[in-house]
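Single-structure report; data block below.
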Amino acid sequence: MKVVVCTKQTPSTTAVFSVENGHVNWEDPGGKPNVVNPWDEYAIEQAIQIQEEHGGDAIALSMGTEESKEALKTCLAMGCTEAILIADEAFQGSDTLGTARVLAAAIAKMEDVQIALFGKQAIDGDTGQTPVQVAVKLGWTPLTFVSGIKELNPDEGTITVERLLPGGKETVIAKLPVVISVVKELNDPRYPSFMGIRKANRATIPTWTAADLAIESGTAGASASKVDWSNVSELPPRDTEVEIIEADTVQEQARILVDRLFEEKVI
Amino acid sequence: MLDFSLTDEQISAAEMVREFAEKEVYPTIGEYDRKQEMNPAVLPRMGELGILGINIPVRYGGQGFDYVTLGLVCEELERVDSTLRVVMSVHMGLNSMGLLQWGTEEQKHHFLAPQARGEKIAAFGLTEPGAGSDVAALRSTARRDGDDYIINGEKMWISLATKADHILWFAKTDPDAEPAHKSITAFMVEADMPGVTSGDIHGKLGVRAGSTGWVNCKDVRVPAFNRIGHEGEGFKIAMSCLDNGRYTVGSGATGLIRASLEASIKYAQERETFGEPIAQHQLIQQKLAYMQQWYDAARLLYLRAGWMKNEGIRNTRETSVAKWYATDMSFQAAHEAVQVHGAYGYSDEYDVERFLRNSRGAIIYEGTSEIHQLMQAGYALGWRRDKPLRCELPAYDPEYWQAEA
Amino acid sequence: MSGVWVWIEHNDGKIAPISLEVLGVARQIAGERGEEVTAVVTGHDVAQVAADAFNYGAGAVIGADDETLADFRVEAHGPLVAGLIEERGPAVLLTGASIRGGDLAAWVAAQLDAGLVPDGTSASVEDGTVVVTRPVYAGKLLSHTSVTGDLQVITLRSRAFPAAAETGATGQAEWVEPAVGEEEIPTKVLSIESAGGEVSLTDARIIVSGGRGVGGPEGFAPVHELAEVLNAAVGASRATVDAGWIPYDHQVGQTGKTVSPDLYIANGISGAIQHQAGMRTSKVIVAVNTDPEAPIFKIASYGIVGDLFNVLPALTEEFRNRLG
């Protein structure tokens, strides 16, 4: 089986942000400023599990810059069999549609890929759109919010998954190839193993540029972007002065608080 | 040319251990510390992840990383809790590296490989109720009987006493020998041998989420195969094992300094007094500055020792000063961290009181600070000189360490 | 290109609350652009849903009612809606930023090569273009975004807007055929399990949450009790989920769910940035914590410094008495 997992680097969850002239900066006082998008770890783990069970390849793919190789090395260290970076100035500033076109072109180029895995969303853009859009561009079936894989049958060319629904779950069977976006319940991502870390640091990660992909010029990158993200601002400080409720007994405190909440009309 | 940089592999390895400790151990550490129990998941997980064999050659079941990486890993482990690093000190530093240095090829395959794979847990049996700093006063005996030895004695303050499968045990083959230390011999005692009993010790000030206990041998029959090194070499073996155990203690204590520093920085930025975060107050800043200085120095000291081990250079003195400095300062750092936290530092709702209690132990074990002071004075006065050993700790050779066989 | 379309989500024959909110926004936008709101209703047995759409402000309704559309499969609904848009040329498509709405919007935008802005928390019209404000970087920053091109596809966050009011209007829906036949749809829904009546976090008006202060799985009992009395959802901080005290389903925060209830009661939660990212848009925040310096008090409107094991039972009792 050939499976692909798409990953990107995002700011760490403890990063502190600031905006200058519409440009977003961040640093992380405690650790690394850029990490593998937390949601992607579940997708990477699943790709490796599928490869371990069915044989074949688990290929990590990332569209970004030279720095994105860090995310790809983590994928290799966890156990992906191969990693590929897509980097080209022409692709920078792409909106999700442009990104979807590029990823779809790369996946198509690999030939015989049966499953493309994504984390539910990237914690920077937070859009969650890319998996469906990649599916549309590839002409594949999207399965989003996947919380379990019940059966994968390469011979029959089908996959049965469990998806989260608002208020429940559904079980769906789909014909391969599929694009899957995953949620946390799916699995428990493994740590990179020490052996994996060693292999990953020695691996060569090829870079594909616009020239390597069959993609119409002008359909990706900043110029093709239909969404203008440039206006970013910091959150307005939450304008509250907390009222600490004090009283002689906790019952009295409760009474006062409940009074306030009724006044606020939130009950 | 001096190069202070770490390789990507070393950095990634340290990160992986940090993540493991933070995600899997930290959330419940307060609970286990209070209960004075060791989290049963810790040893199996450290085994599974390969941490228990991190710097052992692949051909002996290990992960093939170097001695510097061992130090980095210990720093990350102790940053979360000292008990994690204690595991490395006894299993890896004192026992496994002792085998790597002094064991025969057969002994390495028989004892070291399962230890490196985490299939067997290892401990170190030197200290007795009546013999701590005065190693030569140990009373355990090993009487030759045909092809075996009969071992009797009791060891105390043994980390992983009730969890270990293999205990590197030091006993006298000739209790009347002069000088006393010349008849100490090292043996690998296996916990399932008839006559071996063990129990836990509770009520320690710190390292409560760990496992410390006693082990007793009553007429335990041990084959000659289990004798490590020659008869009478035990004292030298024990001392060289301590060079490695101390290295893990020093690097671990460095992690504890960092933990105190990080906790203090975080708290100082959140807590407000007199209308501003206490980080603005200079006397608080002073504490943070000292912790930073102690961390920087402790780290450099252990990295130097680790580098010397990598290069195959005898490092008894350098390891001793690294352990002494880092442990003393980790206690100071924790003390200051408690102060930064004010009354909250005195409560187990925050981590710093656990750091303080944990740090106190390391000043006592693996050579009290006083022993290290005597050693350093001995070196400085020229009265103490390290003589070459029959077996030295092998220098790190990446090809040898990473080859399958 | 003109007209504001809303794709309607529905459950058990009724318009989903999120779609009522989207209809409200649609009416506002259409009003400012001088256009009409058209509701698109796709599903099975949806005649009532279509009729209700008029009542909530749709000037026109286009519907497709077919068995193949009974379960939401984006490969069936997506091409249908995209095809209609291609044919009829609206300028704006709005959906809720829900599992189904998000997938549908992404499909339509991809099929039609249109720009898409997801998860908006406020929307306005400037020079005829819809400008959407949305949180990015896990809620730490705000982005003010608009879409260029003939079609603007926008999804709106649940509970960020008021629901449309009823107008009493009625009308006749236009019914169309599905775009894709069953044999061409590559998926089948084999079964559906519902979560058993628990209030969903993202839909909840009131959430009672527990953090490390609950001390263990049993510590959530008082949290559950209060939630029951208030008919609220139960939330949790990441620390409690990581420690295995409560399932991930309940996690609020950066790598959990983002919620926006009217009332969020945080118990034993320090209020780390990652948790705040998931709940700071709550209308009223109440914090209960033994540590008066906990960051949560900085974003709360009301606070009690105390042990949740004392405070919660007292609150539960008080609410029980007042709510009867």
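Labels for the chains are A, B and C, by order of writing; each one numbers its residues from 1.
Here is the rule we use: a contact is a pair of C-beta atoms (placed from the backbone, for glycine too) under 8 Å apart; a residue touches a chain by one contact, two chains touch by 3 or more.
Remember, predicted model here, so these are calculated numbers, not experimental data.
Undergrad: Taking each chain's centre as the mean of its C-alpha atoms, which one lies nearest the mean of all protein C-alpha atoms here?
TA: Chain nearest the overall C-alpha centroid, as shown: A.
Undergrad: Of the chain pairs B-C and A-C, which one is connected by the greater count of C-beta contacts?
TA: Higher contact count goes to A-C.
Undergrad: Approximately how many whole Å separate the CA-defined centres of chain A and chain B?
TA: Distance between chain centres, rounded to whole Å: 40 Å.
Undergrad: Distance-wise, how many Å sit between the C-alpha centres of chain B and chain C, to the nearest whole number?
TA: Once rounded, the distance between the two centres reads 53 Å.
Undergrad: When the C-alpha atoms of chain A and chain C are each averaged to a single point, how far apart are the two points in Å?
TA: Averaging C-alpha atoms per chain gives centres 20 Å apart.
Undergrad: Which chain A residues touch at least two other chains?
TA: In chain A, no residue touches two or more other chains.
Undergrad: Can you list the residues of chain B that touch 2 or more other chains?
TA: Residues of chain B never touch two or more of the other chains.
Undergrad: Give every residue of chain A touching chain C within the complex, in rising order.
TA: 11, 13-15, 17, 19, 24, 26, 38-39, 95-97, 100, 123-129, 131-133, 135-137, 141-145, 160, 164-175, 184-185, 225-229, 231-235, 238, 240, 242-245, 250-251, 253-255, 257-258, 260-262, 264, 266-267
Undergrad: Which stretch or stretches of chain C touch chain B in the complex?
TA: So the residues of chain C in touch with chain B come to 216, 239, 242-243, 290-291, 293, 295.
Undergrad: Taking the complex as given, what residues does chain C use to touch chain A?
TA: Those residues of chain C that touch chain A are 71, 73-75, 78, 98-99, 102-103, 105-107, 109-111, 113-119, 134-149, 186-195, 198, 200, 202-203, 205-206, 230, 248-249, 254-255, 262-263, 273-274, 280, 283-287, 292, 297-306, 310-311, 314-315, 317-319, 322-323.
Undergrad: Mind pulling up the chain A residues that touch chain B in the complex?
TA: 30, 73, 77, 191-195, 197-198, 200-201
Undergrad: Which residues of chain B touch chain A in the complex?
TA: 7-9, 12-13, 16, 19-20, 49-50, 54, 63-65, 262, 402
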